[in-house]
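Structures incoming, each one as structure tokens.
Two complexes follow with subunit A in common, the first pairing it with subunit B and the second with subunit C.
Our next item is the complex of A and B:
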């Protein structure tokens, strides 16, 4: 089974491909597109629930899902800018992976009083990843950006696991 | 699950229907608000109960509910708990119901009444038919289109089964709407108040919670959670256990549990205890079951609350999960909306208030809110209102089985619908022309822990070496939350045919067959109703003409002619003549009175005037 990528979410929203999107503008755009294309508001045209109308509404919802999350947005952007960049740069530095493993263990065995401190640390790491990623994308260094995206996955996963604990 | 594309035209009259576990009702948009549609007695709630009376009549609603104790094994209620599920999944649920449930084809539950077996869809259709009739009487015009609500937590199979029930009832279901979303619409009718709302819906049999973001008329569901098997009926069940425990061992406990009469009487008593405990600190029960024993019992609210506390906690866990899934914190909820009769239990309100730190809204009757909201969505679909748009989510992830029995998730829960994903499949052996796919819904990793919605067979794949065919399969979840699957072979561009075998509910063939049956029945129903109508009309004519004769002072020959015609019609009525004969009798009487109508009226008026003057 091979995943067939969804259509370019930036194109669906009629936006320039960029990592920097204003959240409020994006949301307004989503609501506007939904009003224009949702099958419920188009019964009069007798197109009703036909597949094409549903497919267009689905595209808008699915593009919104990608664009509103900066990490998914970055992933989509990378795939569009340089198809295969993510696949090419899957291999991470063994030193980094060792650190990531340690971090995961720290989260798994964190005591209640250590949680807030650990959360601050992890949030910091995730924020810093995003900053690095933006800079790399701005420079057009897609390979470095792809590696950052992969590496950041470990930080985000650790943060998620920490949240699930409390 | 469906592979058909419906293209209904835009209808003008669309009602909203709340098809509940305990009660059902319809509502319609009226001006800026909405109103529920009531029956001739002014009652909006139709009990979701069907009784197959031994005398051959099929009773629905209040009349059926009244038979619960006299014919417990023929009176079907809580059918919503069975719809779209298998007997295996129901566990010991059927044992707790006084009517017999048997396993039909594909292990699907059937209600057995005498020789006949009824599917949950057919029972639901009978309830929907009654709702439809009540709406038609209240509106004075035929109703063909509806928005029908379901718990947000309903999966694909349960939604499809509900749509099938509507079709069997002769209703075109334009949209399946989630109950909490409907309730939110009822509370924010003009959508002018932006913010984040939490809808807590605890009904008779199901619990739902949804978090919505309301933004300039767009009602966006951020997350939903719930439990299809948690509701006020479970509170009753706990009280019922106390009553059963207090029942003397005359008939033997095991005997009491098997006795549908006892089960039903205890259920009824438990419900009344619960209702009393919503306003009083303690409630007394005196239950006399004749030869089966008698119970005197006092339950305090504290005892009741201790018993239901674990259930209430389960609902609060769902609330937590929904808030978290929405990416919010508890304090970011602006409004709390209560729906469902069971939110009248004080403990539920208190615990929710404690958790969210806000007083829940109770402005709209919790029993009516869902239908009212559905009618607002119905008005949108009718094309009358373009200011509102509800955007809902899929409650459970959808995936397909991969090698080793794992489930590869294709669409994640809480994705806004419609949503779609396309995957490419190939063949494993040379010249393979068909591929099987098993579709699952649920959050667990292994197929055996999820619900298998059905089985897709992709056919018509060109015979090629293994791995060469490329079949793109698109899984599209439509705005009803129902999955539609299409497939295309990428090299040839040929549309691959898909055969769907649903694991639950009815196959398309079964629906078609039942539709035909119901059309035949509808014809019989029509004839029966017409006979009643004609009879009523004839009776009214006899009474009316006799009154007019008494009032009017007609010449003897005319009086005689009219009396003769009235007598003839009276005789037909007494002899239980058929509709055609009664119609003829009515026509004959009309002919006689028509020629003298003016005289009678003027004479009657003259007489009335004279009496008036004498009186003053």
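Our next item is the complex of A and C:
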């Protein structure tokens, strides 16, 4: 079935738009919403209602995928707060990009004994990106947040590549 | 998605991979990125006093099309004049490599990298000329 992803995952979950969501609350909300539109509960309904229930279930699943991952959550939040912010902040500082390229090379040529140290460094960079991003979103600096989100992609990708190596 | 033979050729045997000394006054360096895919491309040119490109090198971290686009760009840059290099359009890269629509942004990245490298070289030259004039007066 083709369905258009819901534009506001926070609204689907009935939550306030925020980067800081309590993971337990989020999961409980997901389970509750999923139960509500479980097909077994709606067997007696008309066909039209069944489609609506399925549609709702798909919306909930899409929203869950976005909200449970802090990076996707941040991305969705940013697009809601300032549509186009990510697009207009795509140009990153060449100095940063040069570092990103060096990092990618380091990952590509890392010897087995260097992997743990490199992983610690990259994890640190990703964690620090998230901290910066939270602070920028908290003070409503959407352009800076968009740049941080873009920049962090390089750190996350490097970390993924490193994990794929070992 | 199937890559064209030309993309595969550049991907498997990339031309002119490497670096030039970015502090060399005759070297222009351009570093550009496509954050959505996490690609980054560095392209460098070494230019003689007549504005001819003596050497070109690249390093690209990204997909096959991004690597092929920058590899092809360095081939075209070598021996060209800076003026001609500035005229290179991403559509020419798309055509040469038969890039599909979803990979057009890779060719755009290569064009941006060429322009950034030329800009860097031009800025260095302008700064040098200013210093030169300052010394004369």
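The rule is simple: the second predicted complex is superposed on the first by the 154 of 166 C-alpha atoms of A that agree within 3 Å, B and C clash if a C-alpha of one lies under 4 Å from a C-alpha of the other, contacts with A are read in each partner's own complex, and residues count from 1 in each chain.
In this section, contacts are C-beta pairs under 8 Å (C-beta built on N, C-alpha and C of every residue); 3 or more make two chains touch, one makes a residue touch a chain.
Computed from a predicted structure; not experimentally measured.
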Touched partner set for A:55, first subunit B, second subunit C, both or neither: first
Touching partner for A:151 - first (subunit B), second (subunit C), both, neither: second
Which superposed partner A:134 touches (first subunit B, second subunit C, both, neither): neither
Which of subunit B and subunit C A:41 touches, first, second, both or neither: first
Touched partner set for A:64, first subunit B, second subunit C, both or neither: first
Winner by number of subunit A residues touched, once subunit B and subunit C are compared: B
First, second, both or neither for A:31, with subunit B first and subunit C second: first
Where subunit A meets both subunit C and subunit B, residue numbers: none
For the subunit A and subunit C complex, residues of the former touching the latter: 90, 92, 94, 97-98, 100-101, 104-105, 150-151, 153-154, 156-157
Subunit A-facing residues of subunit C, complex: 30-36, 38, 40, 42, 59, 61, 116
Footprint of subunit A on subunit B - complex, ascending: 5-10, 174-175, 215-216, 218, 377, 380-383, 386, 389-391, 400, 402, 408, 415-425, 472, 476-479, 484, 486
For the subunit A and subunit B complex, residues of the former touching the latter: 1-4, 6, 27, 31, 34-35, 38-41, 43-51, 54-55, 57-59, 61-62, 64-65
